[in-house]
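Letters A, B, C and D mark the chains in the order given here, with residues in each chain numbered from 1 onward.
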Amino acid sequence: MTDLTVNICGTDLKNPVIAASGTFGFGREFSEYFSLSRLGGISSKGLTLNRREGNTGIRIYETTGGLLNSIGLQNPGIDEFIENELPFMEQQGTVIMANVGGNTIDEYIKAVDKLNETNIDIIELNISCPNVKKGGMAFGIKAETAYKVVSEVRQICKKPLIVKLSPNAEDIVHMAESCVKAGADGLSLVNTFSGMAIDIKSRKPIFDNIIAGLSGPGIKPIALRMVYQVSKAVDVPILGIGGIMDYKDVVEFIMVGAWAIQVGSGNFKNPKVTLDIIEGLKEFMIEEGIKSLEEIRGII
Amino acid sequence: MTDLTVNICGTDLKNPVIAASGTFGFGREFSEYFSLSRLGGISSKGLTLNRREGNTGIRIYETTGGLLNSIGLQNPGIDEFIENELPFMEQQGTVIMANVGGNTIDEYIKAVDKLNETNIDIIELNISCPNVKKGGMAFGIKAETAYKVVSEVRQICKKPLIVKLSPNAEDIVHMAESCVKAGADGLSLVNTFSGMAIDIKSRKPIFDNIIAGLSGPGIKPIALRMVYQVSKAVDVPILGIGGIMDYKDVVEFIMVGAWAIQVGSGNFKNPKVTLDIIEGLKEFMIEEGIKSLEEIRGII
Amino acid sequence: MKEGYREVIVYSNKQIASNIYEMKVVSDKDELRFEGKSGQFYMVRGWESLDPYLSRPISICNIEEDRLTFLYEVRGKGTHLISTLESGHSLEILGPLGNGFNINIKGNIALVSGGIGIAPMIYLAKSLHANVDFYCGFRNEIYYIDEIEENVENIFISTEDDSKGYNGFITEILKPEQYDVIFTCGPLPMMKRVVEMCKGKVRVYASMESRIACGIGACLGCTIETKSGIKRICKEGPVFYGEEVLFND
Amino acid sequence: MKEGYREVIVYSNKQIASNIYEMKVVSDKDELRFEGKSGQFYMVRGWESLDPYLSRPISICNIEEDRLTFLYEVRGKGTHLISTLESGHSLEILGPLGNGFNINIKGNIALVSGGIGIAPMIYLAKSLHANVDFYCGFRNEIYYIDEIEENVENIFISTEDDSKGYNGFITEILKPEQYDVIFTCGPLPMMKRVVEMCKGKVRVYASMESRIACGIGACLGCTIETKSGIKRICKEGPVFYGEEVLFND
């Protein structure tokens, strides 16, 4: 028997394939293409205490091997999420992670407090969104700042708390250690890399916000390295993210220490990519005689 | 008249297109394809005081939108360089930058001291090579460490001193400022990003050294962002590097503040890519009525 | 459940004007027919590699039985690659996506297109059961007019270089008051002008463009601002009620 | 000055065994002929995109007048893309690169190949003016033997599944002492074995493989260790004096 399950912070996942925040909405659009119950889990679009309109101007720009985005955390706000989106998500038969962003510690706390009262399985604290001016970014760069927000949220958070790290952190290992010390039950990494692009004809930045977030297969080698380093340093479950396109990428992430993984930009190339990945992973494990993910987790 | 020249630290370059260190050898191989006199300059393969054999195992691994390398600073050492390679380079009619790496401050100093006595135009201090264990890396991460090596080298260096920054630096802007404070006459950025890859069949890292350096068009948006941020913070000439494949990329780098640029992995796709870039840049400037690079430098 | 990307076969793919191509695709499986309303689009991927990373949105230009037609302009890498696909080759498409035009509208209708904005108009003209006039502006070369002729009453053409029809912009010869509804697709300035001309007089429906990533409404990358908030081109659109759209410059 | 990448046209590209293809290319410019010695290679790029990023090294399998032949195995993305190129299509090649075999050697010569290592042997056999025996090992399916027949005295075949010739590895039937020089190309373990067998008895020249980036000797990415130091496959090689090579496992 090949066992794809994995337990993340007390929650059982059918398989290690989670849809990454911001690339999967609240699952609605994808549920038209396949049953979401097949997924290990879904991380919701980044939520903030209050509704956000997101950024103006161009929001998506293709680059070699990936894309820059500047969505700017457009979301309906926690209340509307709980009212309109969560009931739908709860019916899908998969693990639900609420991805939470914020501009201030207070905002994080108020948002998490509201989520405490729901059936959400896991809270994923996004301290890394690079798109909001003076926003999430500030918390994701310096370990000390991250420590502060994570430990304050930890105090009131009744759910398993996963902190999502930014690859722009000064020292990813130190950052990871600080978040764990502050009470994170798990870590997910990486979020997007700060990047930019210029329209050379108009002589202006492509994005109104100038700087945007880079994702996609082009960043995979860096993300993999970060997961490797972090997994050697901490003892909590790690969700690997960054440029995952197929099952082979997943195996790489697991071998460097990820417990599960998230697929982001891959969903844009093919809305059913997560299913292909799950199938491919299963076949690979059978071929290689791998009975459970633990066997290969962190063997590098 | 369209003027492509640029003066970097007192040295006139015909045009802003420099071949990046480690991707162009000492120019010999490329001189079989075109006259090197057409280039703005050449940065030599990374040189160390003593000869180095480089790393064992796989040295090059293709990734989406780029490649990982783990050459490990294979080079003949400064003396042999001066004796066998420099005379050739001097005949090519282009600006010569000697890229210098090292494991200790002492090594850097001894190497630079020897180069002081040559006709080299500029020294490019590589504090960022991620391939040498306990090597260049250490200096390129923390601004304080970089400050120390740069200021010591500065004291004995009789040539214009450009410091090449690592994108793995904790805080690229602070790093840049520290290097300038320590006496750097210019900065080049970026070197390769620390990354890795796994052979999932053998369950081993691709590289003997585990971690390797990522380059190529996939990293361009991040490199561009770093050049943008650094150019806003310091007043010395900046050489932009990272994923440059065509003249449009060059224009982007110049618009965010680069004085000149270096082409690295692009040379692998096409050994004559630098010529295409120079031609393309000239045509673009004519079409857009740009008389000199200064007109567009840093306009973002 | 909707299908994901499906493989289709190039039946023909030919250049019909400079940079303008018409590609017809057929299904590789007999049972499968193409669905879709005029104004809807497909995500098209005609390459195996990850560069370009994203698929390209192309409108339904026509559906005839088992044949789907795309009319497209080569603008960059993606459309160039599509233009190199030869008969018999396969490509992947996802769709139909988006809302499409409301074709149940009656009365006097004008279709106003600029350049490659003509693409969705062909199928729209065919789908409408009303009196339709067609206004199409081109920069210089005109194309694809024959394909629409039999489904419309009058055709008005403009070119910017006086090579055919009216010399100038198509909006200069459009008489909004003659129509009950106007459908438009083309460059943003043109659509903006049409909406302005018709304000308070004639209902306008405009097919908007934006950079598309997922194409299915999940990433919020393709949004435009409207009077009733941020809307997704690929889901609530691409067709919007003109007066709703906030045309920013 | 050497030419950079040049555009050539696919004359034919056909599958000749499972995963094995033969492609012939011709020059688009009449004046240009193909140069190159056996054992040299070209960097081949049959796609416009940046994924795959690097071109792929393929040996000269044959040169006939204005026609250059590549024999290649589809291993991954790059060779797969090359296999999809149809007659008339263009691709870019850079070369010839590397040192090539020394074809001025006289005496009794054996060529020993394993699998797709047969590729450079075709042109080598044609170029040599000596008594040549050809030993070729295959896993199961054998291919391309006819192409070499007229240029060699004897052909010895082995397969690992007993489907043709000797059942086992080709090195098991090679008699080194019968030859003055042996040229070999194939999987590393095979070449290593050949060198071991011949040590102190027969000179062996082996065509080595490594991951190639620049292909012209600049990046130091393709090195192997030899008794006289680190050497570049693409410049000092791919052909090395066997006893010089440090075969690491």
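Note that a residue touches a chain if its C-beta (ideal position, glycine included) is under 8 Å from a C-beta of that chain, and two chains touch if they have at least 3 such contacts.
No experiment lies behind these values; they were computed from the predicted model shown.
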| item | value |
| --- | --- |
| Co-neighbours of subunit C and subunit B - touch as defined | A, D |
| Chain whose average C-alpha position is farthest from subunit D's own | C |
| Centre-to-centre distance between subunit B and subunit A (centres being mean Cα positions), rounded to whole Å | 34 |
| Where subunit C and subunit D are represented by their mean Cα positions, the distance between them in whole Å | 51 |
| Distance from subunit D to subunit B - Cα centre to Cα centre, in angstrom | 35 |
| Shared-contact residues (touching 2 or more other chains) in subunit D | 50-52 |
| Contacts with 2+ other chains: residues of subunit A | 63-66, 216-217, 245 |
| Complex contacts: residues of subunit C adjacent to subunit A | 1-5, 50-55, 94, 211-223, 225, 229-230, 235, 248 |
| Residue ranges of subunit A in contact with subunit D within the complex | 64-65 |
| Of subunit B, residues touching subunit D in the complex | 22-25, 28-30, 32-35, 45, 53-54, 56, 58-67, 69, 71, 74, 216-217, 245, 265, 267-272 |
| Complex contact set, residues of subunit C against subunit D | 47-52, 77, 80-81, 86 |
| Subunit B contact footprint on subunit A (complex, rising order) | 63-66, 68, 141, 170-171, 193-198, 200-201, 203-205, 210-212, 214, 216-222, 224-225, 228, 243, 245, 248, 251-252, 255-256, 284, 288, 296, 299-300 |
